[in-house]
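Chains: A, B and C, in written order; residue numbering restarts at 1 for each.
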Amino acid sequence: MGQYTENELAKDLENQDYKFGFVTDVETEKIPVGLNEDIIRLISSKKEEPKWLLDYRINAYRTWLTMTEPEWAHVRYQKPDFQNITYYAAPKQTKKYESWDDVDPEMKETMGKLGISMEEQKRLTGVAVDFVMDSVSVATSFKSKLKELGIIFCSFSEAVQEYPELVREHMGTIIPHTDNFYAALNAAVFTDGSFCYIPKGVRCPMELSTYFRINAGGTGQFERTLVIADEGAYVSYLEGCTAPQRDENQLHAAVVELKALKDAEIKYSTVQNWYPGDKNGIGGVFNFVTKRGLCETNAKISWTQVETGSAVTWKYPSCILKGDHAVGEFYSVAVTNNYQQADTGTKMIHLGKNTKSTIISKGISAGDSQNSYRGLVQIHKNAHKSRNFSQCDSLLMTDHCGAHTFPYIECKNPTAQIEHEATTSKIGEDQLFYCKQRGISEEKAISLIVNGYCKEVLNQLPMEFAVEAQKLLAISLEGSVG
Amino acid sequence: MEDLLTQTKFDRLRTQLNETALPLTEVAKQRAQSLLEISDFPTRKNEAWKYTNVNGLNKLLLNASASKSNNKPANTISNNGRKVHIINGHIAEGQTDTPGIKTSWDSLPERYTESPFDALNLLYCSCAVELTFDDSENKSIELVFDNNHNTAIFPRLFINCKKGSKGTVILNFQGAENNASFINASTYIDVGENANLSIHKIQKNGNDTFDLQREYVNQAANSSFTMNTFPLSGRLTRNDLLINVNGSNCETFMNGAYTLKGKSHCDNHTTVDHKVANCYSKELYKGVIDDRATNVFNGKVFVRKDAQKINAFQSNANILLSETGTVNSKPELEIYADDVKCSHGSTTGQLDDEAVFYLRSRGLSEKSAKELLVKAFLGEVLEAVENEEVSSYVEEQIELHFSK
Amino acid sequence: MIEIINLHANIEGKEILKGLTLTVKAGEVHAIMGPNGAGKSTLASILAGREEYEITSGEVTFEGADLLELSTEERAHLGLFLAFQYPVEIPGVSNVNFLRTAINEIREAKGEDSISAKEFMAMVREKSKIVELDSKLASRSVNEGFSGGEKKRNEIFQMAMLNPKLAVLDETDSGLDIDALRIVAKGVNTLKSADNASIVITHYQRLLDYIVPDFVHVLHDGKIVKTGNKELALELEEKGYDWIKEETQVG
């Protein structure tokens, strides 16, 4: 707990506006605006992809054409013009860096501003960072160490070249391109992302971390991540994002697939802090993400997310508990302020016997924002003695925001046990008064109480992420008192 | 002859129905007609009907010439208080209007909604009853729906509890065991300022009966309204309870208990819409699901902007007794004001094995141990029912449910 | 230390304090007793700055400042401490983090540097002994899952950590068993000095066996109607409050 210093917080509080709002001036190579089969062929050929992958993309594109944008979520926004997006942008230098010293100094500066000085991270935390600038991976570290253990951690494009069989075997098996509108779009136009494979019985000794970043103006980002933990393996994967300040909306439609084979465990943590738009709701990122994990027998997948950014978020990290004794967890903090809208939650699909899921969701709404929890707990016929526990709490900071809870509970097995609880309330006046009586200012008291309110979720994050997340919560709620 | 291909499911249903004999205004008729023309049966894609399919309505054979009298009238629940007998959807012969009870009409009140089933109810209305409470005596009126023919039972009810008045209404639907009717009821309820109204609805329908009911409630300031719903049997039961809390300092209570077996499908949709500040609402629905039965619960609490100081609680608990039963529960909160305390809970599970074992170790058979625990589980709802005649009737029915 | 002159206050239009006057000097312990509904807890709430109360007239001077003009936290910065009758639970916020934030905010207000982690932890160890508070409680969330007695001990622990000029103890004895009462009283007595003062609000004389007051005031119907020494408390214990009520009506 002592990690959270008030000085750091105070410093951040000084910066009223979006902290990471800047544009890096790296020359980028773009392809023509718009989307058609030729563009997809161009992306594929630029990436020197095998034919099966091009076929996969074209097939997904044709499916996408038949689909309509989903409208069931509790969000309102101007639909993106898909013909007005550049689907590929790569920093111009094509050469891969051999060492950190070779990296463009300007890019290093970007990372400095992000507060993830790579040298520091390498030295102090032992985090291997796969930094994704726009769509091409430009720096990968700790690769050799991981390689000794047989762990593959590289950009998706690299994996396509180096480990085509692995990619081909698993890609799209958890989230087929037919899954939904945005998953289909991603399958057609994804440019890069991360790939991770942990071999049988290997426990990955370090947190694997990828920082995503949207940079070139007008380029949507279509990341694709595939993490496979083979039998008995363990990995903790961190994903954090920041985006530069922009006026036009930017579309982000990522796909993340996790596969935990027998006895394996994947911990996937996200801190999402993309540009949320300004105080009047102008600009900001559209974050339409499909994330899903599959658990085989006795496997475990745990999603932890801290969502503070984006203008519109549409995201349901899910678990398919296919094997007996599989475990799924979802821990979420979603903060919305100004005109942000979030519709987020999870799906826990219980197929195997004795499967267990836990959902802890904390929503905090401020300003004029709308914050919804949407979740599905589905117990299938054969999921004997399965258990689910869900707790969804919402906190309202002003009288003009909204907090909503839409849980779907479907049970077809009489031995299953499902418990769902939800509460909605405003921040406790008594708690605020108590803090103030002890000399704590209102702003700091709110930060303290909100962080306490989210503790159960924040506790799930690796330490360095937890500290960052606490600061983010404080920044996101600045001036939010109603 | 209309082309079969362009016929909607409503069109097909309507060929079996007889137009209402009650006086409708031309405007009302037109309105309902045009709503039905653009509507079809709801499908899964319609969020409000995600778990309930009404296509089976078109398999019913509805006999239009049902009798308006019955030699062996159905049992009533209340001993005292006035009663209105409605046999196979029609006001029983000999029923006359008395103060507070109106069954004959010069023109039906102009009340409509956007529901196609409400429009259908209007056009094919089999009876219309208006109940008025205008003093603080808490009089009780029971409507007994005695259904023994396979027919269309389309009651249109208006319940008005005037300013400062009290009232109790029992809506007692009794169907013969194998009855295969289509009940389609619309009830408009107005609770005036400082008024206190309780409605108890018993749906003991025949095993093949489809029962779709809607209650539209408006609550004025300082009023108290209670709706207790007991779907006990029937092929498909769907209740839509929509309560608009328009005045401040109101209390709203919604209780439900259901016992489902066979192929029953029961769906309770409730919405309490808190439009103004300083109100309290509490909802408790509990039930047991056996055999191939399915239960759906969808409770929604709205708290509108500026409706501060709302305390709203919602709870749904289910016990699933069979391998083939299904429970779908969707408690929802939609909150646009900040100074509120709202919560909901939903549980689905089975009887506590430990408790069953404990009772058996004291000499109870497994069956009676389970029965005892189920009754205790549903008991929480019955305790919330102030009318003892109703609660003891429902208790008896639960007893019967298990003895069969 | 604090001077309250002719204080009148309302809540929801109902007058609760009807001209209360009280002066407390450094080094003194004042007990305020009175029947239920006399306005005892209202006084504590107003001193700490609860916003529900409307001050209709009167003055309160604390350490030379106009107390009523200050925000709740500014009052705390000047050294006013309220031991709550019902301490609130703050889930997820550890006692230690809470107190460190409070101490640093108070220091900042005074233009002092923040407390170092080492100095702070040493202080936690030292002060938790005063109220025999298990060090585990210090790392748990503020008051969450604490028993009634633990909550009250935690209030005194916080008082020890914040070292206030004036402590207002609002029915700190309510709901305490005899052992907890002894510990709480010991804490208060240990912290007593020539520079600070306390106002002990209580319904029963019991607490005053352990915390010996210099003055005992009887609050009735929003006013102090009788002032004496600790003997007055014993008299009240023996005779109840009715005679006071009668006396004031006659008077």
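Here, a contact is a pair of C-beta atoms (placed from the backbone, for glycine too) under 8 Å apart; a residue touches a chain by one contact, two chains touch by 3 or more.
These figures come from a predicted structure and were not determined experimentally.
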Innermost chain, where centres are averages of C-alpha coordinates: A
Which chains are joined by the largest number of contacting C-beta pairs? A-B
CA centroids of chain B and chain C: separation to the nearest Å works out as 55
Just curious, how far off is chain B from chain A if you go by their C-alpha centres, in Å? 44
Determine the centre-to-centre distance between chain A and chain C, using the mean Cα coordinates as centres, and give it in whole Å. 48
Using the touch rule from the top of the page, what residues of chain C touch 2 or more other chains? none
Contacting residues of chain B [partner chain A, same complex]: 47, 305-306, 308, 318, 320-323, 325-350
What part of chain A is in contact with chain C in the complex they form? 1-2, 4, 6-7, 428, 430-431, 433-442, 444, 448-449, 451-456
For chain C, which residues count as touching chain A in their complex? 48-50, 71-73, 75-77, 81-82, 84, 87-88, 90-94, 96-106, 109, 114, 117, 139, 141-142, 158, 162
The answer for chain A against chain B in the complex is residues 72, 379, 381, 394, 396-426, 482
